[in-house]
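What follows is chain A paired twice: with chain B in the first complex and chain C in the second.
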Partner chain A sequence: MIDNKLKRSNWHIWFFLIAIVLFTYGSAAITQFNVVEGMITLPDALLWMLSNLFVTGESLAKLPIILAALFETIFTSIAATVFGAIIALFLGLFGSSKTMINKPLMLFSRFVASLSRNIPVVVWALVLLLSFGQNSVTGFLALFVGSTGFLTRAFIESIDEAGDKSIEGLQATGATYFQIVFKGVLPQCLPQVISWILFMVETNIRNATLIGILTGTGIGYVFDIYYKMLNYNVISLITLCIVVAVIVIDVCSNHVRKVIL
Partner chain B sequence: MIPLLQVNKVEKFYNEETKVLKDISFEVYPGEFISIIGPSGAGKSTLLRCINRMVNFNQGTILFDEQNIGQLNKKELRKVRTKIGMIFQHYNLVPRLSVLENVLHGRFGYKTTLQGIFNRYTQKEKERAFFLLEKLGIEEHAYKRCDQLSGGQQQRVGICRALIQEPSLILCDEPIASLDPNSSKIIMDYLKMISSELGIAVVVNLHQVEVAQHYSDRIIGLNKGNIVFNNRSAALTNVEIQNIYSSNMQDLIMI
Partner chain C sequence: MVQAMENNPPRKRHIPLRKYSRADIYIRVMLLIFTLSTIFAFFIFNYKGFELKTAIVDTLSNIKIMILEPGLSHFSWGEAFYQIGITVGLAFLSTIIGAVIALGLALMAATNLSNEWLSKIVRMVMAFIRAVPTVLWVLIFAISAGLGSEAAVLGMLLHSVAYLVKAFSEAFEEMDSGIIEALRASGANWWHIIIHAVIPTTFTYLLSWVFLRFEINFGVAVAMGAAAGAGGIGFELFMASSFYFDLREAGMITYFILIIAILLEITSTQLKKRFFPAKA
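Right after this comes the complex of A and B.
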């Protein structure tokens, strides 16, 4: 009996394995992708990267331009996150069931949150590009809209988690709504709120690079120019700068998190 | 003597079939110590929260200090709440803020929104806060965060917060349900002292019949939303206890 069952489950596994292999082979055939060929070109590609993507003295001369663009990107991301966070804080307060003022406002805040969050930031950038043109405002707005949505969602969760006990305690003393919010709710969820904002800054700096390519600003634009000029040494320097910046910001925000939590 | 609180034929229901409170009437006089006992789900918490309208009731009237609680607008309600202190089972403090700040939160009802947000407390209020902390024996913890204190200490902070409101009535929702016997006694002794020395009426929800008998001037027995007993605590016989809890004496744990 047990033997039979074991055999059957074995049969299932084989069936799925074969199905996956057939599916992969089928997709490769349709898209005319040759797995073997791909594998063979891999060493060549790596070799090409090693021989082209390195920083030379010549490319180091471009460092001031790169750094200026990098800082522009970083500051745009931080500004977008901060503005988004301020709006999201209010939307979060209206959207949380613990601190909502009325139902329509709660539904509105949740609607805004899911609308701006469920459309990818890159799509926002492309949409806004049509109305605002290629400048840094477009990039800022795209990041701002994305951050507002994401942070609203995160803040609603944080406020809900902060608990209704302190709210009830303050309500019973005759406190006003904003006294309760500023002295009961915010002190309680501030560590999570700051943590989410730091996370958003990190994410936005990564996204900003990509958005810069689209909107023609910041480090993304510089990357795009040298990429099209086939100047691979500068490209590698830019990539290196981005990696270092992201790591530095990661370390900083982790440190801040450790202190506040 | 004029009653401080008059509860008159109060009813509370979420839908027609399940009435949480049915035809509740009782009076509380200044300085009285009243315990409300009854099984879980009898409506004790709801009744207490109807008094300061943390929960809205459907029928009847509640008069506190000659004000009709049921008909107050938001602003008037806040004003009345400043005169009614409340103490909770889970203390309901703001855990990440200091003890002193939590005590001063009791003054919010007397302040404008901005004064409250920016901590504009007068010297007198701060002195009063320290006086109360000293009185309850926790002044050395004044600058600690509330979540670093034990349950009994947090409950004392809760009492300080209620007292700084200068209330004429204090409602206590199972104040000792999550405390050990030692802290429970300390808290109950303080509550008793508040009613006898400061002349503040105290209404306590309790699970322990013995505690209720020992401390209260009067006991109200609640069962399925009805008042089944309302008399001096000495009049609470075993028959009455069985009636309140609708079970036999041998099925109850008496401390």
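Right after this comes the complex of A and C.
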């Protein structure tokens, strides 16, 4: 019997591997990607980076502009995440099966979250760009919509995990819905909520760079300008600034997470 | 004891209802920082050419057109499916190649399977790669490898590798140390341990992480098409909305992207439910 089972799982694995190989071939064909050539380019590209991407004294003069743009990007991401988190908290409360008010509202909030999460941020940015124009608000709104969707899914999971016991206990004492939510559920998931917000801030800073390129704001725009001017020293300085910012935020949020969770 | 009681006669003392732990203080401080940064952000925003009222009205009417009147005008349905195929292909290639590379690196990064120094070095390099936004990687590769699928796949590949190494090495570290110890005691070498214990016990975890990354990479591939000229449906979207200002076409493309993204999300949730029944 064990033999049979082993054979069956073997067959599954082979089927799976062949499917993956076929898919890989198909993808390579449709995208005209040459696996061998691609693999050869990688070391070449890395070598090119090492020899061309370095910071010179000349590019350091651009530091004030870069830092100002980076500042704008970081604060845009934080603001978008915070606004997204506030809306997501409500959607999460309505959407979780434990704290829902009624079924239609639950389905509605899950639908809204799924829509805003599954339409990529790029689409939001491009659509908003048409009427909001080239300014920070466009990037802020695009990030806000994406964050709301993602955070709602995360918050629903956190609220679901919060445990029935405290809710049941509060219900038994005759607490109202608002008392249960504000005194029982929210304090319990607050550490997780903050941890998710920190994660989202970090993700949003990276996404903001992409959106900046499309909407012409923040650090992405500055990168795009110098990229098109083929000024590699400045773009390596910009990349370095982003890396430092992301890593500092990552280290801080890991520290906070360790304490609160 | 009695004396002590006499020295300190019972008096009315305030009983603290709440004791602030370090975690409570951190949470309060974080909430304060979030609030202040958000308020600050609105002061430093650049509001060039921004008019709230017309912008909102315009956006709503644009979205209405996109939702209600989608249609293709600059390319055919066949072409649309071909472009979607390119985007999915880019995502698939970078995920699968990334997974293979990440598997090797994760073995080096897991503290229970590798030595301390190697693991630290791999982790630091991966943290660096992760900190650079994907679009910058793609654009940087495009300088040296030329615009096209190579730059896009390589750029997305690097990020996928960094992400998967973190996930994989955590999965390896959570493994039961008894299994490894037992194999070591029986004289198995490193390769035996990896092939017969580590990979089989963590395989389903790894698989669902890879799929999750595929889901993420699809979104990234769309973005790379729009921002870094990687081709595919993302590029068509960029052309439709920023070049032709054709909202009907942008709406149709959004529908395509949405359908695929939702299909991927459902599949990945199902995989999660099947493989991590405890967590789902």
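The definition used in the following text is that the second predicted complex is superposed on the first by the 212 of 261 C-alpha atoms of A that agree within 3 Å, B and C clash if a C-alpha of one lies under 4 Å from a C-alpha of the other, contacts with A are read in each partner's own complex, and residues count from 1 in each chain.
Quick note on the criterion: a residue touches a chain if its C-beta (ideal position, glycine included) is under 8 Å from a C-beta of that chain, and two chains touch if they have at least 3 such contacts.
Just so it is clear, the model here is predicted, and its values are computed rather than measured.
*Asks:* Looking at the overlay, what does A:Gln179 touch: chain B (first), chain C (second), both, or neither?
*Replies:* first
*Asks:* Does chain A have more residues touched by chain B or by chain C?
*Replies:* Chain A has more residues touched by C than by the other partner.
*Asks:* Could you look at A:Ile260 and tell me whether it touches chain B, chain C, both or neither (first, second, both, neither)?
*Replies:* second
*Asks:* Once the shared chain is lined up, is A:Gln171 touching chain B (first), chain C (second), both, or neither of them?
*Replies:* So A:Gln171 only meets chain B here.
*Asks:* Which of the two partners, first being chain B and second being chain C, lies in contact with A:Gln188: first, second, both, or neither?
*Replies:* first
*Asks:* I'd like to know which partner A:Phe108 touches here: chain B for first, chain C for second, both or neither.
*Replies:* neither
*Asks:* When the two structures are overlaid on chain A, which partner does A:Phe33 contact: first (chain B), second (chain C), both, or neither?
*Replies:* A:Phe33 sits against chain C, while chain B stays out of touch.
*Asks:* Could you say whether A:Tyr227 touches chain B, chain C, both of them, or neither, answering first, second, both or neither?
*Replies:* second
*Asks:* Residues of chain A that sit at the chain B interface in one complex and at the chain C interface in the other, please.
*Replies:* Residues 190, which sit in both footprints.
*Asks:* Once bound in the complex, which stretches of chain A touch chain C?
*Replies:* Where chain A meets chain C, its residues are 20, 23-24, 26-28, 30-35, 37-38, 41-42, 44-45, 48-49, 53, 71-72, 75-76, 78-79, 82-83, 114-115, 117-123, 126-137, 140, 190-191, 194, 197-198, 206-207, 209-210, 213-214, 217, 220, 223, 227, 232, 235, 239, 242-243, 246-247, 250, 256, 259-260.
*Asks:* Of all residues in chain B, which touch chain A in the complex?
*Replies:* Result: residues 52, 54, 77-82, 84-86, 88, 90-97, 101, 105-106, 108-109, 111, 113, 116-117, 158, 161, 165, 171 of chain B touch chain A.
*Asks:* Applying the document's contact rule, which stretches of chain C touch chain A when the two form their complex?
*Replies:* Going through chain C, the ones touching chain A are 22-23, 26-27, 30-31, 34-35, 37-38, 40-42, 44-50, 54-56, 58-59, 62-63, 66, 82, 85-86, 88-90, 92-93, 96-97, 127-128, 130-136, 139-141, 143-145, 148-150, 153-154, 219, 222-223, 226-227, 231-232, 234, 237-238, 241-242, 245, 247, 250, 254, 257-258, 261-262, 265.
*Asks:* Would you pull the chain A residues touching chain B in the complex into a rising list?
*Replies:* 165-166, 168-179, 182-184, 187-188, 190
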